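One chain, chain A, links the two complexes that follow: it is found with chain B in the first and with chain C in the second.
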Partner chain A sequence: MRLPPQPGELIDRSETLRFRLGESELEGFRGDTIGSALFANGRRVFSRSFKYHRPRGLLCCSGHCPNCMMTVDGVPNVRVCVEPLREGAVVTPQNVVGRLDMDFLSVVDKVGGPFTPVGFYYRTMIRPRRMWPLYERFLRGVAGLGRLDPHAGHSRRYDVEHRHARVLVVGGGQAGRAAALAAATAGPGVVLVDEGSRLCGHDLPGVEELALATALGIWEGNLVPVDCGTVLYRYRAERIVVATGAVEQPLVFPGNDLAGVMLPEGARRLARDFSLQPGSRAVVVAADEHGLESADVLRESGVAVPRVVDLREGGHELEAHGRRGQVRRVSVGGDSVDCDLLVVSGGLQPAYALLAEAGARVEYDESRGIFVPTELPDGIEAVGSVTGEGLERIVAAPAYEGRGKCFVCVCEDVTTKDVKRAISEGFDSIELAKRYTTVTMGPCQGKLCQLPSIRLYAKERQVYEASIGSTTARPPWAPVELGLLAGRHLEPTRRTSIHFRHEELGARMMWAGPWKRPYAYGEKPEGEVHAVHDSLGVIDVSTLGKLLVEGPEAADLLERLYPNRFADLKPGRIRYAVLTSDGGRIMDDGTVARLADDLYYVTTTSTGADAVTAWFEWWNAVWGYDAEIVNVTGALAALNLAGPLAREALQRLTEADLGPDAFRYLDAKHVDVAGVPCLALRIGFVGELGYELHFPSAAGEYLWDRLVAEGARPFGLEPQRVLRLEKGHVIVGQDTDSESNLLSSGMSWLPKMDKDDFVGKFALEHFAEREERERLVGFTMEENVVPPEGAQIVVDGWPSGRVTSARRSEQVGAVIGLAWLPPDRAEAGTRVEIRVDRRLLGARVTHGSFYDPAGERMRA
Partner chain B sequence: MSFLLPCPHCGPRPVDEFAYFGEVTRRPKASPTLRELTDYVYFRDNVAGPQREWWQHRDGCGEWFLAERDTRTNDVLSVSLPGPSRPE
Partner chain C sequence: MSALDFLSPSRSAPETLASPLARALAGAPEGVRDLSLDGKVEVRGDLGRVELEAGDELVRLTPGRGLLLTENTLEAIDGLRENGLLAYDMTGALAGLAFEGETLLRRLTDLDPGALPTAGGFARVSAVVVRDDGARFRAYFAQELGHYVAEVVLDLLAGLDNA
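Right, the complex of A and B next:
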């Protein structure tokens, strides 16, 4: 039943919105919150409590308490009291086994008391141990609030936006608006955010206003994330003005969680904003003027208020009695009054959490009985009642004891009895008690329970509140959806310039670091392997990292970065290169071609380009060599043309002399191929005669097409892996890990230990003296079974090594692979056993290449 | 970690634009003992207070530079480009 239209109401009675609660179709007005619309439809119980499953109704109506948390359109834990109603919203109650008015788990409330005291989960359900699976299933079912729809995340889009403000004012009350206006007179860049909709109707010239926007905290560098529903604004502000006001505090008495027990602001909002009668007969019990005034608001709305109790006139026994979870009668000062609404107020407590997060100190103000912030950090100000300004002295007794449960914390269902028990068990510091009882750790984060719990603590321990101190409320100030913090789900993808040609050719694309690469072009990668061995193949290797190192001291820089020598590398020649750290570990590998005396062309692994660039630049910053490093990975495409027919095919596209003596293995030459200027590198990663062509990306598809037209069969990453494994070529990061060094990886020939210095030299000196722990070797399976990566190698019943790569090679006629083994098992010909699916399969250790060990084919 | 770090080229920027490369270490001279090497590779002073450290403006100009930062407060006391003189 709505009241007659009144000035200032937020609802628009001309527009009706329909929504659903469970099976029922309900209606509300534009401007309603879901909470007010449910209330208008006669709903009084909104949720079931966390532990005891007690029925709960609207308490604060301000988005603070957990009582109205429901699932809205699949999003759990929405405070419906502040969630605007929208057409077609689907609302479901949560934490309910059964119905809101008939919850089977409320049996915990009736008989569970002795079995579920504070901290029971630390002590019970431990023995007998074999019962744990059963306990666990039960606990997982009842723990937590709400249920996350695993598919819901994809239906909402969240964004993060970075913004700047000269002055950011948090809180749109009187003080906040005044501060914003004052700041706006000094210039632009003033932003005012408020979590509610009260800014509507206020026109503040020069101020950017954000309504329904919650400042989640203040981080260093004056960073304030503002939750606007599906957008998170990350505000950087020169100056922050906190005007978050004060939060009404509840009273602690038996029955204080019944539906119909409300804070003054809750009753006021229902009556004034939504033109609803919060009840028909009300009792008002308040410890401050602000609370007592709510009696007038109620009377104006036609609510009978037979009794108003001013707690400042002396303590009163207070107890609320209910039926079906709703207030029916209140005993106060020895009288019993029938009512369906009990408005209580324990005074106002400054909402200082943002200031405390920013580094302010929080102090107990003995004279007023509240905590106030002091010692604000630079660049942060506080105005209005958050400073304690204008707040009354609170004298209310901390808690009235009675027979029923008195809740100190409605979020976590912590009663006065729990707090007392915690104290008697020795949790006598507030920080310990907080963790043990979980008071202040629920969704309200202490907004409604910090002060009452500290007062109760002080009373029980007979000390002053000031000596108890307060616990730290950590950000976020209000619950926030994880999706909002994560932002939009974006996974950057890198495509080579030939990407779409691969797709047209039917390539199965796979992730390779940030890149998309063809796995293979057909169902059978073996055919592509054959093509490379027997005739000609081409693979897109544009993903290789490509760096130019140029300058008078480029040679000195590379000489010192790499374990092997580059100063004596002749222009036009190439060397294999492995980067090591000063810990002696293998970081990346590739080739280094010297193009001129002062110019080197460095390739890295596909995923290592950025890290290698940064590594080069850092060492050069340390050493200060006269050399420039330019990452040209994206600018250049690269194709590896490989196979016995590679020379003939390439010769048809170029006038350059490709003869075996003119263009030798490990030569680097500038060659025009089909009119495209290429840097051609003769290297043999896949073990056959091959030319790696590096050229401007723009010509990617063109040159690819020309090579394919010359008979080169496209091959993907999988055939390449088979081909390189046949050669025993290592893939850094696949066959090596962060513990691998050059000596154990079978590359002891590579580091030139007589060089004065190189990164990793010191460690290699020590590795050489140390007993080897494991060695990277090849193996051939006795059976035709491919062991998975990481398969265990068993020696005398003990796990002693692991497989890093394995593939079936038709060329070799066996399953081959690479593995780490203890040195005493690493001799060629040793038999080891590899565990595959609970079976132990035999394998023989091999050294060197499985295919063409002399390397005649790639040198051809 | 959301403090502002002044890049010597670009001025104050959010710290997430930068890559951190740890405190400035002293690389041992030729043939260090195992203890000296281990100390250099694996151990850090981890001071609570002003610390000289390497940063790169990774998502900006790309420059490597040195910063002196108070690790307790994240106050950046100074930043500088590595000088032309080689530290070793």
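Right, the complex of A and C next:
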């Protein structure tokens, strides 16, 4: 029932807002929360509990408990007690099968006890095993709170904003406001954050106020993310003042979860902020003055209060009795009192979670029966009741036993019986019990259940609360929307400067590490393979890592980084290069071209540029060579023009002499191509005559267009994989793994073991001495079946190797691939079997290239 | 042709060049400008020896590494190398974007607006961020991430306009 206008009420009676609850059209006032508007419309049951589907009503009206969680405009788990009412809001109950006042799953509460004891997911519904699919479907159907609409799409936009503050005050109560004002006298940069609307009407000069904003935690470096709905403010503060106050604690007694059982602040807010009569006849049971004072508030709002019980006087049993989930009668101290409202208070517990997250110690204060923060870290202060200042000694009994369920945790439906059973099963540490019973792990994050559960633990184990300790406080302090944590929907994507040309040509783009690259330009990549073999193809290889190494000691640096030799590489020549770790394992590969005596140009794999740069810089910092390493990956586009017609096509675009004697295989030359300065590398990853052109990325589209106009057919990654496989060329990371070394990978010719030293030399010497364990070889399938990458190779019925790459090659006329095999099966011509779809298919081991083994075509 | 000419877009005719942000910024609001083809030179060595021409700007990234923003890339590189420094044309490597609004900046980076220029995280990638007069800023970042960064900036602007 709405009271006549009250001084200080938050509602604006002149503006009516309409909203829906299910099929019902309801009204409230501007300034109402959805919860207060529903209450004004006579709703008393707001939700159904997590496990037992018991009816639940408003309890705290402070956004702490789970009792009022509903779905609002498609967003689940909104605490409607603090959610402002808005015109047209659509509110739906959640965790309900049927209606709020008639939930069919409440049968679990009546008869489900034997099936749902604490830890039931470990012990029931697991036998018989054949029934598990049925159980699973049922459990998945009923688990969780709320439902996300998978088809909803992006209904809101979320952003993150980074801010800096000199002083950040968390909590807008009396102490927080005073701290903010005091800080503001020393200068600007003071921010006050409050999760409610307490800042309304307070004049705080020099203070930036953020209302309806929740500080989610305190991280290293005084980082405080503040949830403001659709924007997450990430504050870095020089100093943080925590003034989060204290949280009212419920009492544990039979029937303590009935609708109509409220905490004092809940009743106070309904009456004072929203001018609502919380009930018509109330009983107040409290362990502190703060709770007892609520009786006066109730009387002022016209509620009859026939009984007020001060628990400090001791000796009272307490039990609430209800009908249809709502409180109707209270038994207290042997008396039975009819009522529809029971206000209970177990005292106030400092809300210290943020301080604990920041590194403060939390200790049990025996004298007052509460946990208090101590030893605050530098840069963090606490003021007000969060310190325990001004709080009374709590004398409430740990739990009042009776016939009905006594809930220690209303979020997770954990009862006193559950906690006792957990203790009897050996979960006698509060941290273990937390994980087993899930007490403190629900939406309130322990605000209402940590202290009661610790008290119960202490009582059952007959020890002091101080020896039980508290559970670890972890952020977030309050529930936060996943969308807010996820932020923007855009992900960093690397695109070459020719990316949009590929899209215009109809390329199917795929992820290749952090890059987007063309898979192929049509449905059949075979045509692109043919073009490279028979005429001319062009592929965008701008993703290759590209480094400059320059300086008087650049050669010395590369000599020590790589197993092969580069000091004797002549300017204008290129050498294949494989980088090994200090454990002798293959890390990356590419080419090294010497551009001048003191200047090298290094290429790496597409995903290896950053790691190789870091590796070079790290070693150079250790050795101190006079050489600079510059990552120019993004500065340069790169195109590989390949095919028998490559020379004549390129010749039409340059005045440079590309003749076979003037520009030999493995030469590097500076040439102008169609007016663009290029470094041209004559190398052949795809096995045909080819030129790799490296040039300013800004000219990417232009040069691509010119080469395509000369007849080059674009080819993508998939045709490139077929072409390189025909040559038996290895892709590091696909054909090799973290255990692969040069000797077992068929590259024993590469390391120059007579060099004084290089990274991985000691390990390679060790590999050379020990027995070989496996070898990378080629294979040809007997049938026209492509085994999947990773397929097992079976010897005598045992897995003995694995396929790393396989493709059908029309040029070779067979399915070919690379695989790791035991040395005794790795000889050329050996027959092995590969498991494909539960069948064993024959294959023959090969060595060397499948296509043009002498390399005459790429050296043409 | 010198050994590092292939790094320099300014060695090519202007009509051969395209900005990596061109598509993303087509129709961008006023206040957002593409700086990608402006000259950028990475300098290594004793930055105290850098002699700035009129209009040039040196952003110090580390004691021995800086980013020179200049209109005359080739001349600047020659001058720096003659002066005993190492210099590399990074015009093609770095895309650049000018924009307005401190709130927009705060949604892009956790760098302190009062401590610019500096290098750090920007739209979840690495960038060099420079402050001009008032609430006008410039950011330079890897060109291969340029289209993505431009999309983020425009998306945020749209959000701020609707806020």
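Assorted remarks:
Just so we're on the same page, the second predicted complex is superposed on the first by the 772 of 860 C-alpha atoms of A that agree within 3 Å, B and C clash if a C-alpha of one lies under 4 Å from a C-alpha of the other, contacts with A are read in each partner's own complex, and residues count from 1 in each chain.
Going forward, contacts are C-beta pairs under 8 Å (C-beta built on N, C-alpha and C of every residue); 3 or more make two chains touch, one makes a residue touch a chain.
Everything numeric in this text was worked out from a predicted model, so none of it was measured.
After overlaying the two complexes on the shared chain, residue contacts for A:A614 are found with chain B alone; chain C is out of touch. Once the two complexes are overlaid on the shared chain, A:V337 sits clear of chain B and of chain C alike. In the superposition on chain A, A:E550 contacts chain C only, with no contact to chain B. Contact comparison for chain A: of chain B and chain C, C touches the greater number of residues. Legend: residue contacts after superposition of the two complexes on their common chain; A:A699 is shown touching chain C, with no touch to chain B. Once the two complexes are laid over each other on the shared chain, residue contacts for A:L490 go to chain C alone; chain B is not touched. When the two complexes are overlaid on their common chain A, residue A:G583 makes contact with chain B while staying clear of chain C. Contacts of A:W219 after superposition on the shared chain: chain B is touched, whereas chain C is not. Of the two partner chains, chain B is the only one touched by A:A763; chain C is not.
In the overlay built on the shared chain, the residue A:R236 is in contact with chain B and with chain C.
Residue overlap on chain A between its contacts with chain B in one complex and with chain C in the other: 162, 236. Against chain A, the residues of chain B that register as touching in their complex are 1-4, 14-15, 19, 21, 27-28, 30-32, 34, 37, 40-42, 54, 56, 58, 62, 64-65, 74, 82-88. On the chain A side of its complex with chain C, the touching residues are 157, 159-164, 234, 236, 488, 490-497, 499-500, 515, 542, 548, 550-551, 595-596, 599, 628, 630, 632-636, 670, 672, 674-679, 694-703. Chain contact summary for the complex, chain C toward chain A: residues 1, 3-9, 11-13, 15-20, 23, 36-37, 42, 44, 86, 88-94, 103, 106-107, 109-112, 114, 123-125, 142-145, 147-148, 151-152, 155-156, 159. Of all residues in chain A, only 162, 219-221, 223, 236, 581-583, 614, 617-618, 621-624, 756-757, 762-763, 765-766 touch chain B in the complex they form.
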